[in-house]
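Shared chain: chain A. Partners: chain B in the first complex, chain C in the second.
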Partner chain A sequence: MQHATTLSQPSASAESSRARLRAHFSKYALPYLLILPSLLFLAAIEFYPLGVGISEAFKYHNRVQPWATRFVGFGNFIQALQSHDVRQALRTSFVMVTGIVGFSYLLGLLAGLLLNQKVRGRSIYRALILVPWIAPPIMAYISWQWMLNDQLGTINRTLMAIGLVDPFDPIIWLADPALAMLSVIVVGTWFRFPFMMITVLAALSAIPDELHEAAALDGATAMQRFRDVTFPLILPVSIIAILLQAIWTFNDFALTFVLTGGGPANATTPLILMAYREAFQRFNIGYGTALAVISLVLMLALGSVYLRLQARQEADS
Partner chain B sequence: MTQKFASRRHALDHGFLTGTLTQTWILALPCKRLHGNAGRMEPGRGRTGFRPIDKEVAVTNLKVRHSQLQRLIALVAVLALLFPVIGRAQEEEEPQVTPEPTVAPAEDAVQLQYWDMQWGSPTFMAALQNNVTEFNRTHPDIHVTFTQLSWADYMQKILSAIQSGNPPDISGGDSGIAFNMAAQGQALDISDLYAEWEADGTLEDMTDWAHEKWDWNGMRPGVTWQFDSRAFFYRKDLLEQAGLEVPTTWDELMAAAQALHNPEEGIAGIAIPGKQGSYDTDQFWMTLVLQAGGGIADAEGNLAIDSPANLEALQFEKALVDCCTARGTPSWTFTEVLRAYEQGQAAIAFGGGWFIADIQQNAPEIFENTGILPVLVGPGGEEAAHIVSFANPWMIYNQTEHPEEAKVFLRWMMEPENLRKLYEAEPGAKWPVYESLVDAPVYQENELLTELARQTVENGVDYWYPNNAAAVGIGSMGTSLTDLIVNPVITGNRAPEDALRDAQAQLEPLFQRPES
Partner chain C sequence: MENVPAAEAALTSAADRTLFVPRGRRRRAEQWVRSGVSHLILILLSLFALLPLLEALSTALKPKSEIMAGLSIIPQRPTLGHFEFVLGQTDFPTWLRNSLQIAVGTTLCALVIGSLGGYAMSRWRFRGRGLYGNTLLMVQMFPGVMLGIPLFLLLDDYGLIDTLWALLVTYLTFALAFSVWMLKGYFDGIPREIEEAALIDGANRLQVLWQIVLRLAAPGLVTVAVFTFLLAWNEFFFAYIFLVSRDKMTLTLGLFTFVGQYTTEWGYIMAAGILTCLPALVFFFLLQRALTRGLIAGAMKG
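Entry: the complex of A and B
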């Protein structure tokens, strides 16, 4: 009897959930029908390529060795994680992201705070600071590459002209591993800080002036007002901007591809550049895709933090 | 390579416009933020010492400021947009060859698609289009449509077209494309064309490497239509002042570079490319490899990077870099090499044939004192005295529905008279595959052109030499030779022996063949 009861309970429960589902779909048939084309479109251009891409990561697949294509399970991932070059590329990616996002936030914060003041010509400064972000990245990076040229670049030429650099011993910005990484971080920061500035400015202008006035009346110094009023209020937006920048910087293939080519001696080769070389230069689609999937997983982790923070902010507001 | 620079500029032009337009929406952001301050307090008046600003006045003020800011932003954006456009307009030369009007296809004409790279200046591309037009005019039953590909993404485009069952009928590409397509079963065997060329004496006029390279795996997947040659340019005046003879061997090259290297005067003994991720960098080492009697693969098609000859070449390059180049060499491509030479900052420069026209145009005084070194004799002896000349092919695709018509077109394009028109369009950028064309007027314009044309037909080979059994592997290395071997060694981060050993291990999977 007991046995019969335990069997019939799930069966009834399943029946009722099926009924609920039927009722749900009959009630919302029209909305589902309306979003169906979008879903199909998304499936065709997003989910299908993503699925194919991920499946490639589990194969040995080289375009010019079609006869050798085979399923290798996690072989590509194991090979990647055991590779010294991949570990170095991950370190490089981490250093780049930390440096570029960190400095661009600091610079953006500083510029935002300054341009939030009532200074003459503020609009002009705001517009001018946006120029790095308006410029197409490839053009900007090529220009920087020329400016950083050791013998003929504007930067060394200027330093030579004012006597800071020996003309016969120029600074080799892109040929020394440490300086090349510094150059990458400087150029990346230059390109990205306007976004941070805009975000900070937006957050700053949402802070009611009364809060600052009240704090000032209470005798708070400018530093105290920034620490206890301004910064806590722009922090949520800042965190989201930092996360977004981290994702974009991690996936910024053009910066190192154009500026340093990943060198010297792989010192500026991030994971995304390594994935490109494997897939499109060596035609090693399987391994290149595995590297891209590793990158995707890391970015999904950052993305999930971003989504959680955004949801919390929406709940708070 | 010239074609790479040219294509990069092309990509820039297009990328700039779309990139700017898609990003300008963001300009609205700071303007919107200004509205957020409407109705704020102004110090000095009111209940708590603050006076509320009249809201209408504030909004009007903000609107005025908004429109001023918008105008400013628009001005900056327009200036940013125009700047490179103006730059380009000044930089571009007027094409010397103007494209002729294309011919409308006859109703029943067989339609062929011909895709090729952006091989050089607008002048050259106009000449290529003119050849196609001329073919269409003289062959009314066949109509060829020419499509230009960018170096930035040509392989993705061709592979996508193949995947979708819609590749071109005929195409050009990099110097290994025909092998890579053959490995994927996409290249048509044109052995019958070779038989015709052998019968009519065409092959006899063709340099050996131009056709031997494509004798692969029992088939002929392509044919060379032009060489892209490398050379050592040197300053005759500096050599003369130093009382040195023109170097003819590695030892003499080293001695000359050491003698002419003068950092105090800002002159490097020799300028070579060394940047990671660049196709330019490995070309100097490969020149040395060939002259040392080495190669990428052995006669059986196995990878043979880690060979004594290749090691000797690498050690020689490392020694040259250490003693006689600018410190920034590991970040240099041919662009920097050429600029350094033109500005009098290098006594010897390793570069491509396009250097000749560039030096002539931009540094006429230096051009007068420039010579091309004879092909150097290295450890491989006279037999191995080679220069790197990339043999760039045309090929027909297996999926074509009109193989016979495609062959008619290819045969016509390969006629010496038609190739000559292309070589003339951009002197020094393309080198002849026919020995008879060495005497063409275009190669008699100056002694540099004459010398390099001679070296190309007598000594020019590329990475697939001395055999092409490993053709597919060699064609799929990308910038591996640069990234794994040359750049790490010249920066002092890897010992030559270790770099070669690691490269051997890492690249071996690319050289697998079905039978292994």
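Entry: the complex of A and C
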């Protein structure tokens, strides 16, 4: 207390701010108690493993020789950035994300615009188009794999029946590098376009009808109405959806793991699948987590953009 | 993409040039063409969406000879043999029970913990509220593989690898992000006056939450329940790294092992696939109207 008087101002204000904090916590004890269970799970299942993971990324740690574990600083990251395979995997991730998110947005926009009109049976169409989003992806990927089978798959058989493909020289959808990438993008688009449709529908439903009527009265054609009225208004929400989908596509393990296994050679191995292989198949925990940390950093960069846009969106509405 | 409006614009201007057609008929013809094009595109999109399921159903119902030779998507001599085999002679029923347990358990926990968090966020402006909300949004961006590696090491230390508990706590945490945010949205829509009246009558906050708010937010609870159920039912990666024994597996993981086990027996694999997605689809279509309405209203919050 004596000290407090001699030092006067700063400590007194510190004291009062501490008192304010205490008052705040006792006034809001209940909400803090209410969020506690979710905080505990977040800490145990997200943040603690995240911390462990980040520390592992700076170690040499192989489960086959645990005694050799040691701190290596940025060694894993340097090794990763110099590796040809990692650069190829990053390129693959980029192509996949661009292709899947781009096409799924285009299809989602098309479906959303059509279903925003008074089309007969639109709730049926809407429900059917949502199926890819509801069905277990694994089941669908296996079914796609079967459809893309070069000998017996429906796609090749149909093309053979029409005469577009020679039965003795079938298209090897999943065994040719370029075609395998194409297949991955088509199947990824299949899985993701329903979410885009819902987002577009949600954004469209927020546009007042009067805007369109006013534009129509001014003599704007349908194309002009879309370009000048509709699209600018759904753009903010669209960007958020595109960012989210880009993050989820980048993190998607099952698509390539089940559909192509990352092959042929490494043609469809994105970074995330490579991290998995290093850690779980080669038991290279350190190197594997370093690859995962690289993904995490990239995703957090995209994620912070998403959070900023989301906050602006909430402030507007 | 600008196809639709572009096509519409083209149609309009083409119609404007045909001066000889009486106005009423011209407009009706134009509308007819336009809705025809809309329906055609929507039918194609629906077919694309349904393709893998139709293919699976068709293969599952065909006898083996037809799978190898037939081209028609409609089975000529449909059989339930593949379904009988999957349900009678494989571990499928065990996996079904495991998946049900995990999905139902995760859903119940997510509803309780999610509504507590959502209620706190909706009713109080406490310090750290924004941080809490943003953290929930941010964890959706963590790569599963990033968490999977350390979680595996951790659960291994506690002897939880190869148990259903490992999956339950993991799925629950992932479900919290959208549960808290969606329920907050629903709670925001419930007027505070109703609660204040009850508080004056002597009820405490938790009684108010339980007896009034949750009842009024029932549609929100249903929506969150369906999404949590689907998340747990459909998840593959964590099941794949956490589970080892065949009798502990979930449906998606079991289905995946079928591909290795019955490599060329596509009838069995597809029958198991259809059975795996059936509960999810039935669930969804029963609640479809309410869900899509809720989704469209709150799509960007979750």
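Annotations
Quick note on the criterion: the second predicted complex is superposed on the first by the 275 of 317 C-alpha atoms of A that agree within 3 Å, B and C clash if a C-alpha of one lies under 4 Å from a C-alpha of the other, contacts with A are read in each partner's own complex, and residues count from 1 in each chain.
We adopt the following convention: contacts are C-beta pairs under 8 Å (C-beta built on N, C-alpha and C of every residue); 3 or more make two chains touch, one makes a residue touch a chain.
All figures in this text were calculated on a predicted structure; none of them were measured in a lab.
Touch criterion not met for A:A246: it reaches neither chain B nor chain C. Once the two complexes are laid over each other on the shared chain, residue contacts for A:P137 go to chain B and to chain C alike. Once the two complexes are laid over each other on the shared chain, residue contacts for A:L302 go to chain C alone; chain B is not touched.
In the superposed model, A:E213 lies in contact with chain B only, and not with chain C.
Touch criterion not met for A:L90: it reaches neither chain B nor chain C. Touched residues of chain A were counted for both chain B and chain C, and C has more of them. By the touch criterion defined above, A:A202 reaches both chain B and chain C. Once chain A of one complex is fitted onto chain A of the other, the partner contacts of A:P264 are limited to chain B, with no touch recorded for chain C. After overlaying the two complexes on the shared chain, residue contacts for A:V237 are found with chain C alone; chain B is out of touch.
Looking at the shared chain after the overlay, A:F280 reaches both chain B and chain C.
Chain A residues 123, 126-128, 130-131, 134-139, 142, 152, 198, 201-202, 205, 280 lie at the interface with chain B in one structure and with chain C in the other.
Of all residues in chain B, only 8, 11-12, 15-16, 19-20, 23-24, 26-27, 29-30, 33-34, 36-37, 40-41, 48, 50, 65, 68-69, 72-73, 76-77, 80, 84, 155-156, 159, 180, 183-185, 263-264, 266, 274-278, 326-332, 336, 339-340, 343, 345, 472, 475-480, 483, 487-488, 491, 493-494, 509-510, 512, 514 touch chain A in the complex they form. Chain C contributes residues 1-6, 8-9, 12-13, 35, 38-39, 41-42, 45-46, 48-53, 55-56, 59, 67-68, 71, 73, 113-114, 116-117, 119-121, 123-124, 126-127, 129, 132, 134-154, 169-170, 172-173, 176, 180, 205, 230, 233-234, 236-237, 241, 251-252, 255-256, 259, 266, 269-270, 273-274, 276-277, 280-281, 284-285, 288-289, 292, 295-297, 299-300 to its touches with chain A in the complex.
Residues of chain A touching chain C in their complex: 24, 28, 30-32, 34-35, 37-39, 41-42, 44-46, 48-50, 52-53, 56, 106-107, 109-111, 113-115, 117, 119-120, 123, 125-132, 134-140, 142-147, 152, 154, 157-158, 161, 190, 194, 198-199, 201-202, 205, 221-227, 237, 240-241, 244, 247, 250-251, 253-254, 258, 272, 275-276, 279-280, 285, 288-289, 292-293, 295-296, 299-300, 302-303, 306-307, 310, 313. Of all the residues in chain A, the ones that touch chain B in their complex are 62-68, 123-124, 126-128, 130-131, 133-139, 142, 149-152, 167-170, 172-175, 177, 180, 198, 201-202, 205-206, 209-210, 213, 257, 260-266, 269, 273, 277, 280-284.
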